[in-house]
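Right after this note come the structures.
Paired with chain B in one complex and with chain C in the other, chain A is shared by the two complexes that follow.
Then we have the complex of A and B:
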């Protein structure tokens, strides 16, 4: 066995990056993406990069719930919608962006907590139906509450500004989104290794055993919903600035399904998987921008194929390749 | 009073469609523990086959329906045998997501073949002809067909499950797969048979919906959501519950539209889902699932 697989010190267990290469590789990617977006990419490419970054955030949020805690949700687009609407409504009234974006996420978290309460009694398919109901109900309420949300017409989104510094240019907006994304990635990764993350995994693997070991189901399940909704709501708030208007049909059931596909195709219970899955799906959509029917056929086929043949998703492939090359001559 | 009866009848007719779909969902769930989100898409695809046979190939209407129902049966049975039986090994999430994947594939396929615009498909009955019933209540020809078909299917299914050998095997599988297998029932075969029957029921609902709503890839999506509500209301593991839930939901919807606010008629179903799942997750007639350690 290779020596550096054995952890000798507590510090090694705490570190974000394992081995000398991964830290350099991560740094290289961050720098390369920033340099590319600022100096080389055209507006369209930057726009796609922002979408990818935002859906990475959303997918990580969903993965905390589906992958780590084992609770399915068909209603995550609704959390995005709540984040986006809260942010836009407050921001239009003149509150600063750095307050309203977290406020949107917080609002989503509160509703996530509320959805988490009935979810305590529901399992598997029942939970899928309940969250589906939440998704459709949110859509209906946003579409009808004309005085607050502008109904089906939606709301106009003012250009993003921090103080007097405008972020309307996609390049500069990308920097903000990218920074938030990195924060979320590090935060989520650390969360999954903390006491809370271990409680989530325990609930996923065996609820009864987890409860017997002292994991409070009520606390941790509602917490999982709230944290997951918070992260997804954050993505939603930032997502609002990608177009001039937001309306309820942007955040429809199919967006929820797309996010689940990102998580499943990328790999359940893996932060890296969510990054890969979101990147893959957004790129695929851009490739099939004109032919949505074929896009659905391909997405559906990939989803089914992954579930049947590679339940660990793209991350599973990646790990298998890594181990293959590590042990290469043998 | 007349208005009340009229609303009741309208609700009953809408509910009959929900009931037909909900029975399919419940049959599938009882036999193989799969909540089929693709049920509506299966029905939509079968309805398109009927349309294709009638309009493009020029078959007679009854022959086209026969072709569509045969297609539906084979589709349901084969999909279960090839995909879902395997997916069940991956756990609950995998199963739900595979059915969602099927929904995407089928909606995409029908959009690619037939286009995404809405097509008119008028067939056996005249939507505009109205029958006057005693009491001053009116029933459209279309609604009469829907109610009659639903009642016929319900009675046929009840007799089938009660008295035929296959029907008894189906009930045995839904009660306990392992025990049924030990008694010599070929479980996988029986399950694909149920999938076939459920898909046929869905196809019938689709064909009945088509004249009113027109044909398009997402045509069965909203009825499917209503059918889920109906199934949850009645109990996802009770066939009788699904039927009663369907009728109840139809009536509640129409009454809510008539007496509260028409704008909220579409949302009632989801209110019911949330209420039922919070207060009584097993539904009106369902049995609570007991978890064993």
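Then we have the complex of A and C:
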């Protein structure tokens, strides 16, 4: 055991990274990804990188709800849709991007709060069905409210610009998405290690005890839904610019399930897990882009294997590896 | 003894046909240790649940100091200074002991979600200050060794202590302990007696406990209340309660020999009354 690892003050337990090694590793990844995207990657690869980064954001949002607070949701694609539509509608009317993207997330948060209210009474499978209902209803409303959403044809998405500076070039747009992603990762991690995050986990583990210790279930469950929807809505708003049009079928039930798979395969109640899970699933999809009919066979098999052999997901593997190499080579 | 900290007046609640509590009244003076005893199914835990807001009594009132508790939610009641432990340990299994006890400090922390996400200086300062408090509680209960372990990996006796630590971290005025000694061996029970006394004497916390170990109850309590079939049949000092024939009947039943003995005792009481002017 290295002497440097001994902690002497409580605040040393509250640092963002555990020691210089993990801080260095994180910094290396950030710099490497930026350099790679700007100077080496082709347009297609950058496009994949943007998808990964956005689904990392969405998966983190979903994980805050499912992994940390223990509330299931089959309706998170709908929150993405609300983020995307709100952003596109406002942005098309000429509002600046830096306002409309947060506005999209905020709109998703408001609806997340509303969806959170039935969650006060519903548990497990019943909540799953209720959020499924939200997903289907959102799809129908977006598909039929022609005057606002363009119905099934959807809406055209103007190219992203901040002021007069165009972000239409994928590698430039990647920088924006990546920056937002880093902010979300740090923010979500901070949230989970704070008083709020502890309250979420307490509700997940034991509602009776959480309430007896002063955690108001109404407040914290609706808060978890709102924050989760906010983060996922943020991903949705940025996601809109990946194609020329958005339409309701982009944000279907299948996407909700894909996000749940990301969270489960990556690891419940882990920010790192969401990063790994989203990256893994998007890369897998791209790998099978030419044979998409086989894609879900593979994903399904992997999901079953993870649940059977590694319930902690890819993060569990990572932890095991870390412990193994701590004492390496002995 | 100073004023009543908790007063339960005529609390009644029924589940279907079972009258779990029938007009139960109980006053708990500030700074006292009061035990609630009674046979299984007497309504002891129901009484606790009515006080902590898990159940809402159909009739009667429960007052903590100036505040009426009936109709309030459990987390409001906790904020008024009431903490409890549970009969079947209710901990957060996939949180470390440290986090479990830190959650007990939840009401003493103020940071909202936005500040928490930024985790600035103020949040760090608050976490450190609360951590200090938590370490004091862990010291008090000798739990430092388990600080970073997950609760689900701990043995039963330690979990009981963690639950007590979490309740103490809330810095309650009134502490409700539901069978604190269940599953403990003789040595652990002796420790527990000292711990409970220290909580009252050093921290000034009023304590109500539900307990089946009569040695512990009689040794530690200032007052004992006895419940049977949802009714309070006796209330007094430990020695008064042990001598109460109603209590003996409730615990030992109406076996003929006991009844005879009780009959004799009752006759003696009657005679004594006749002798007295």
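Following the convention adopted for this analysis, the second predicted complex is superposed on the first by the 320 of 330 C-alpha atoms of A that agree within 3 Å, B and C clash if a C-alpha of one lies under 4 Å from a C-alpha of the other, contacts with A are read in each partner's own complex, and residues count from 1 in each chain.
Methods note: a contact is a pair of C-beta atoms (placed from the backbone, for glycine too) under 8 Å apart; a residue touches a chain by one contact, two chains touch by 3 or more.
Being a predicted model, the structure only gives us computed values, none of them experimental.
Taken together through their common chain A, the two structures put chain B and chain C side by side without a clash.
Contacts of A:213 after superposition: chain C is touched, whereas chain B is not reached. In the superposition on chain A, A:293 makes contact with chain B only, while chain C stays out of contact range.
In the superposed model, A:125 lies in contact with chain B only, and not with chain C.
Of the two partner chains placed by the overlay, only chain C lies in contact with A:195; chain B stays clear of it. Once the two complexes are laid over each other on the shared chain, residue contacts for A:72 go to chain B alone; chain C is not touched. The superposed model places chain B and chain C at 80 degrees from each other around the C-alpha centre of chain A, with the value given to the nearest 10. In the superposed model, A:93 makes contact with neither chain B nor chain C.
In the superposition on chain A, A:136 makes contact with chain B only, while chain C stays out of contact range.
In the superposition on chain A, no contact is made by A:8 with either chain B or chain C.
The gap separating chain B from chain C at its narrowest, counted between C-alpha atoms of the superposed chains, is 8 angstrom. The interface of chain A with chain B overlaps its interface with chain C at residues 208. On the side of chain A, the complex with chain C involves touching residues 9-11, 13-14, 16, 187-188, 190-191, 193-199, 201-202, 204-206, 208-217, 223, 227, 269. On the side of chain C, the complex with chain A involves touching residues 52, 54, 73-76, 78-79, 83-84, 86, 90-95, 99, 102-104, 106-107, 109, 111-113, 116-119, 123-124, 126-128, 131-132, 135, 166-167, 170. For chain A in complex with chain B, the touching residues are 66, 70, 72, 118, 121-126, 128-130, 132-134, 136-137, 140, 144, 208, 257, 260, 264, 292-301, 303-304, 307-308, 311.
Across the interface of their complex, chain A is touched by residues 29, 35, 37, 83, 86-87, 90, 92-94, 96-98, 100-109, 111-112, 116, 217, 225, 228-229, 232, 236, 263-264, 266-267, 270-271, 273-274, 277-278, 281, 291, 293 of chain B.
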